[in-house]
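Okay, here's the structure, questions in a sec.
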Amino acid sequence: MNIAPPTLAVPARSNPDLALQYFAVRNTTEKLCSPLSADDQMVQSMPEASPAKWHQAHTTWFFETFVLTPCLERYQPLDPRYRFLFNSYYKQVETPQAPGGAAHPLRSIRGTFSRPTLEEVCAYRQHVDEQMIRLLESETDTNPELAALVELGLNHEQQHQELLLTDIKHAFWTNPLRPAYVDQPWEEACAEVAPLQWIDYEGGLFEIGHDGGGFAFDNERPRHHVYLKPFGMASRLITNREYLAFMSAGGYSQPELWLSDGWDAVQAGHWSAPLYWELRDGAWLAFTCAGMRPVAWNEPVCHISYYEADAYARWAGARLPWESEWEVVATGLPVAGGFLEGGRFQPRPALNLGGMSQMFGDVWEWTCSPYVAYPGYRPPESALGEYNAKFMCNQLVLRGGSCATPQSHIRASYRNFFPPHTRWQFSGIRLANECS
Amino acid sequence: MNIAPPTLAVPARSNPDLALQYFAVRNTTEKLCSPLSADDQMVQSMPEASPAKWHQAHTTWFFETFVLTPCLERYQPLDPRYRFLFNSYYKQVETPQAPGGAAHPLRSIRGTFSRPTLEEVCAYRQHVDEQMIRLLESETDTNPELAALVELGLNHEQQHQELLLTDIKHAFWTNPLRPAYVDQPWEEACAEVAPLQWIDYEGGLFEIGHDGGGFAFDNERPRHHVYLKPFGMASRLITNREYLAFMSAGGYSQPELWLSDGWDAVQAGHWSAPLYWELRDGAWLAFTCAGMRPVAWNEPVCHISYYEADAYARWAGARLPWESEWEVVATGLPVAGGFLEGGRFQPRPALNLGGMSQMFGDVWEWTCSPYVAYPGYRPPESALGEYNAKFMCNQLVLRGGSCATPQSHIRASYRNFFPPHTRWQFSGIRLANECS
Amino acid sequence: MNIAPPTLAVPARSNPDLALQYFAVRNTTEKLCSPLSADDQMVQSMPEASPAKWHQAHTTWFFETFVLTPCLERYQPLDPRYRFLFNSYYKQVETPQAPGGAAHPLRSIRGTFSRPTLEEVCAYRQHVDEQMIRLLESETDTNPELAALVELGLNHEQQHQELLLTDIKHAFWTNPLRPAYVDQPWEEACAEVAPLQWIDYEGGLFEIGHDGGGFAFDNERPRHHVYLKPFGMASRLITNREYLAFMSAGGYSQPELWLSDGWDAVQAGHWSAPLYWELRDGAWLAFTCAGMRPVAWNEPVCHISYYEADAYARWAGARLPWESEWEVVATGLPVAGGFLEGGRFQPRPALNLGGMSQMFGDVWEWTCSPYVAYPGYRPPESALGEYNAKFMCNQLVLRGGSCATPQSHIRASYRNFFPPHTRWQFSGIRLANECS
Amino acid sequence: MNIAPPTLAVPARSNPDLALQYFAVRNTTEKLCSPLSADDQMVQSMPEASPAKWHQAHTTWFFETFVLTPCLERYQPLDPRYRFLFNSYYKQVETPQAPGGAAHPLRSIRGTFSRPTLEEVCAYRQHVDEQMIRLLESETDTNPELAALVELGLNHEQQHQELLLTDIKHAFWTNPLRPAYVDQPWEEACAEVAPLQWIDYEGGLFEIGHDGGGFAFDNERPRHHVYLKPFGMASRLITNREYLAFMSAGGYSQPELWLSDGWDAVQAGHWSAPLYWELRDGAWLAFTCAGMRPVAWNEPVCHISYYEADAYARWAGARLPWESEWEVVATGLPVAGGFLEGGRFQPRPALNLGGMSQMFGDVWEWTCSPYVAYPGYRPPESALGEYNAKFMCNQLVLRGGSCATPQSHIRASYRNFFPPHTRWQFSGIRLANECS
């Protein structure tokens, strides 16, 4: 899939950078939807996932609610009921149209919204885009607060691009026909990956968190000190071949390797391999965005939960890194790797370059850090304070981005987070240990 | 909505009646889908319901599986995987394509089948229709067994027409926008309905069950004797106005009026009115196929469970009829009333004609008879034995058809059945009592 | 266990029969509890079961609520809070003590009532017994309504004696130590049972239901006509050996043998044998009231659900009897068989006597009749109307009593009822068929 | 209740300290059980709680499994099946007696174990105590590893003493009679508590974790550096009066005050007050170990979840402390407060002494620190590695002990942990903030 930036005639006098970014991001969403029929865009295959059409509408709702409504004089919504319908979880957004006083519809029934139709949602996107042009033309260069809101909306839409991909991958997998999202030839990466190296790092007092230049989410702030002991970190991600050794050694049947909640999840979910793996006639296949494929043994293992990453690390005599360790290592490294823009939507084997590799892109790396506020953190005032703060419980931090993350969206201080049983994201393993 | 029979050029030499019927029924399904977008046809708003697209595909699958495959030489399926994908519950249908050995996909995930797309399902319908023409042209006039299978397939498709309507009504109701399926002006029926009359019937030995002429389902046979005590039956259905009196008298908060399981259902579901009723600013509205409307007080009450029908009857000092009583009364009456063909999809008030009225059409009438086999019943050999027999437990019989039933589909001996908590069908109340 | 009638000095002037019966029944309950520690009498191993202490208290509550309170002047309860605490499900019993307005405590938390202690519950029994003596001395011979209430209370307590046994059997089975309730040597019945014979019965018009002499529950009335086709009935119950043949033939893995809901129950519960059976080192054991024992192959199969009885019958080319057929056959036969009084609490093999055998006692026999009201049935006024009427839905009728039923409690017209998935009662199979 | 240390004749030649401790701890457990009948000791009122009898048996099992079996030559268990029956969650303990290969019985059915009876469990305790004397007489003074195991067993039993109390409190609360565990007069603490003061602390690099002297659990190690910003901490716990202000201000109905999972818990559990509070006739009562009492407004608020503590802090413009902050503040303070030994089992109001108060005892203080391993942590080899390590996920740390904690059991480095929705422990609130 070609996810190259669009060529658009952007109006002359507007804040050119922001407008260009706006159209690039919005256009990418639509490109990601282009292989999908109206039927496809309706599927919600589990409560945690959302239909593609909903992602298209909700990202638009974000601009309408947080940018156009407060900032554009006399803004007329296309349909005032959308303000209620496409709210995800912002309880402080006032929605007089809500029947029964509900602040927003239940997440689990997003798949039953056939109306507005896809066509109407596309019209909604167009309506908001037109009004955004009006606004970007007139104001953003002189109004840094507005520019910040637009930038937030764009980063929000980029997050939903990744979710749209992981959600549709899950949706297609629940279909017994196992359709492909992208049509691409399968080629087993032939080169062997280099043996895993341990790279040691000094301990001491470090600063982590966003340092102020460029966009960052509130949860990356404030920058603050952490004290680290010396530690080692693996030079690359764990491969499917290495993970298979864990499976073959009975990893899924030895409770002593697992957290208590993790073992319960193994039993309840009958887990015996990563999500999307399937044993057919003695050979392991995996469902990918290009359909069912033989497992590529040199690729990083993917679609595993925190519990599995943790159990693997324990089996391997190591541990997962703290998010602070990860950030210390990643800081200064180039943001290079397999990203959404590559259009492959599948992690790639490590290149044999020496040094630390695969820190960005390919798969999100589970850390052993629970997702909590940084010392001194304060959420933004207003409904936007609900963006991150209220989720700081029962989740673990993941770092580095994946093959479904836009390259421009990721950075060393970026904190992603999911509950520990989550498997449908592109999530994998990098090991750490105490320095020997 | 105009559900008039289609005008089709039916091939000359085929069994003309059966071919005409075939196209009439198939065409009606497509007409019923015509107001629905591809998005709409994806929605499964509860496990018991199915998406419209699935109804279109499954009724086609029925002809392919039970007619074309066994009867048409060298029949080539459009896609052999559909044999698995669109099986509803026939465990004896062999499906070599089934992954994991499953006989058919789980009912609860029908809403996640975005592929085949609506367009592909329409092509599937067309493919099967073309092959059915080939078959109907050549064989049915000389092959009564084949004709019987085709007739069964048509009655099967008519059953799904009703389900398609009740399912899409429920789907639209779960959408906060409450869209309308048909666009029609609302007119409160102005004439008052006549007071309910009790009509007495003699007791004695009767025969019930299908008597052999024309099509009937296996569950209507064999015809057999029943002994009835004298009984009375109400001359018309219970109206919304009468049901409101039950509500106003505290019907939903008096456990002594309810079956034990019924009271549990009231508590668990927070029932305080029929399904689809909503109190807004002191006025009762109801969701109809034409959107939210004020409750029409003279119409029969509808979308109530067996538990509610039973509690109402107890409150009214009466009871529900046995299915045998109902059939004795209905036998010989004309099959007249509001049916699917009327395109209104909403029950109508009783006309003041005197005598027994509203026995057919408008709403299904809950009887107090559990759905069991008639004495001497034997299910058909083969997978078609699963059509009715295996559901003869935990359900109650309903009689008479509804405003969503095709008129040609219903008869005095027809037995519909649903679990007692079911509310999304067009189901209402006719009272009976012991003869005074 | 010796369950012989007690020898009690019954006060001289009272209604001697009723008083004797009263003490015999009350004493039997206490004998049944005598092997149980205070700990044992606390266990509630599933929501449908109740602790033995609760059975002791609730049967006492019944006399207090329905006999002493209305009939004995100046009756003083031992503790007025018990009126609320030991109500099972009578929502019309006024209980001013109920916190939160609840009519009775949730059934599922009966196992958390440690107070009143067993000692206090025994004192409660004694208190009520003393007051009952006062009442029986003075009034019952001249007051037939009171005598009828006492008789109802005694039959109620007999029903709870059976439940007490089946509940404690289940409770002990959930204990990994699998303790025995009675200590008795195991002896495999050595005599072979005779081959199953089919006995044919004429069809025609019959009367069933209680005919008026002696005690009967409201649900056995009114006596009424039924029309039966000629039918055959098996001369004895199905044995464990015969049921094993069904299992060996793959009975639990062929969906075509099962009702749809039954198949779901098999899958959900991982059923592959009767409840309490366990395969150890290739041999089938069963949990009995005397602990784990090898399955006795000539005994009637027991602890099976309606679904299993129905599937077995289908596999055997037969069906289960209608309750009307069963009653027609049983009427006039002696009430002989293995009952609670035998103290064995395990069904016995059929004797080879010729003719119809095992109709009473040993195991309850599933019929294919849903539990519904007889034509013309009216529940009693007052809270006692809740005794049977509100359960007439979603249950099947069982007939004949079991090895845990008091012999004096059962008769040809007696109707027991349980939901179709129920397995913890002593329930088994008698086959019927269409007359050849 | 008098929980004073017992006076026991301890054998002369044994390790006197350890033997004295052993008997003191074991005796305290039995004193705690002395108000409980056999019935009481059976109750398991929710899956997270355990019956008192089980606590008595399991703490004994711990000594048998981890001390007697490996360390006492020719140790003969009283009943080898207890090794399986009273294992809580140690999957690495070999239990050949386990039916079905299970490593230990399901936690949720502990309330169905009526056998062994209470009497038998007491005999089990005595048996193990006698063997422990034999061992303590002979070996512990010369065997530091054994002494460490015994010390662990004693600390383990102390933890279960607290659980036994909180579990029986919950059990009695589910009983509609609301019985009292201890009989003590209620006296509202009359003195007003002093206003809450903020005490500021310097930031910088600190060491936390156990420093090596005396007993500590593995999870308190290793001692390590943390970097803290300057912070403030409240001088005392939040009172019931202060918490009522939060309730009156609509705290339970404003989603913006809550974590997302917390808000879900409020909705699902219909929370509107701390656990055990009840509004009767306009006055707030609370269930205590002495029965229902008016809420004592000056006592610390208690029986609240992490979600409620977090929401209260947000409403109050503050936050909860990090566990590192708490430990820095607590280090060096005397371990004084209301403990289990006081026999009151209810937190006490703060004394007006100035400075930091109530850091130990009375209520556990929720911190905002997820329960994770300290840097460099390694669990013990063997099954004892399961004691703490496998629970390091989805839980929050609590500090300081409660009125149900033995005084000798608590210290500044002690880490307790529970899931964030937990309410049945004696858990309350201390606020922290960023230093102004």
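Per-chain numbering from 1; labels A, B, C and D assigned in written order.
The rule is simple: a contact is a pair of C-beta atoms (placed from the backbone, for glycine too) under 8 Å apart; a residue touches a chain by one contact, two chains touch by 3 or more.
Keep in mind that this is a model prediction, so the values were computed, not measured.
Asker: Could you name all chains that are in contact with chain A and with chain D at the same time?
Answerer: Both chain A and chain D are touched by no common chain, going by the contact rule given at the top.
Asker: Round to the nearest whole Å and give the separation of the Cα centres of chain C and chain D.
Answerer: 45
Asker: How many angstrom lie between the CA centroids of chain B and chain C, rounded to a whole number?
Answerer: Chain centroid spacing, chain B to chain C, equals 39 Å.
Asker: Can you work out the whole-Å distance between the CA centroids of chain A and chain C?
Answerer: 59
Asker: Taking touching chains as linked, do they make an open path (line), a single closed cycle (ring), a hub with spokes (star), an all-linked set (complete), or other?
Answerer: ring
Asker: Can you list the residues on chain D that touch chain A in the complex?
Answerer: That would be residues 89, 91-92, 103, 205, 224-229, 255-256, 258-263, 306, 310, 322, 368-370, 372-373, 375-376, 385-386, 390-394, 420, 434 of chain D.
Asker: For chain C, which residues count as touching chain D in their complex?
Answerer: 37-45, 53, 81, 84-85, 98-99, 105, 109, 111-119, 171-172, 174-177, 179
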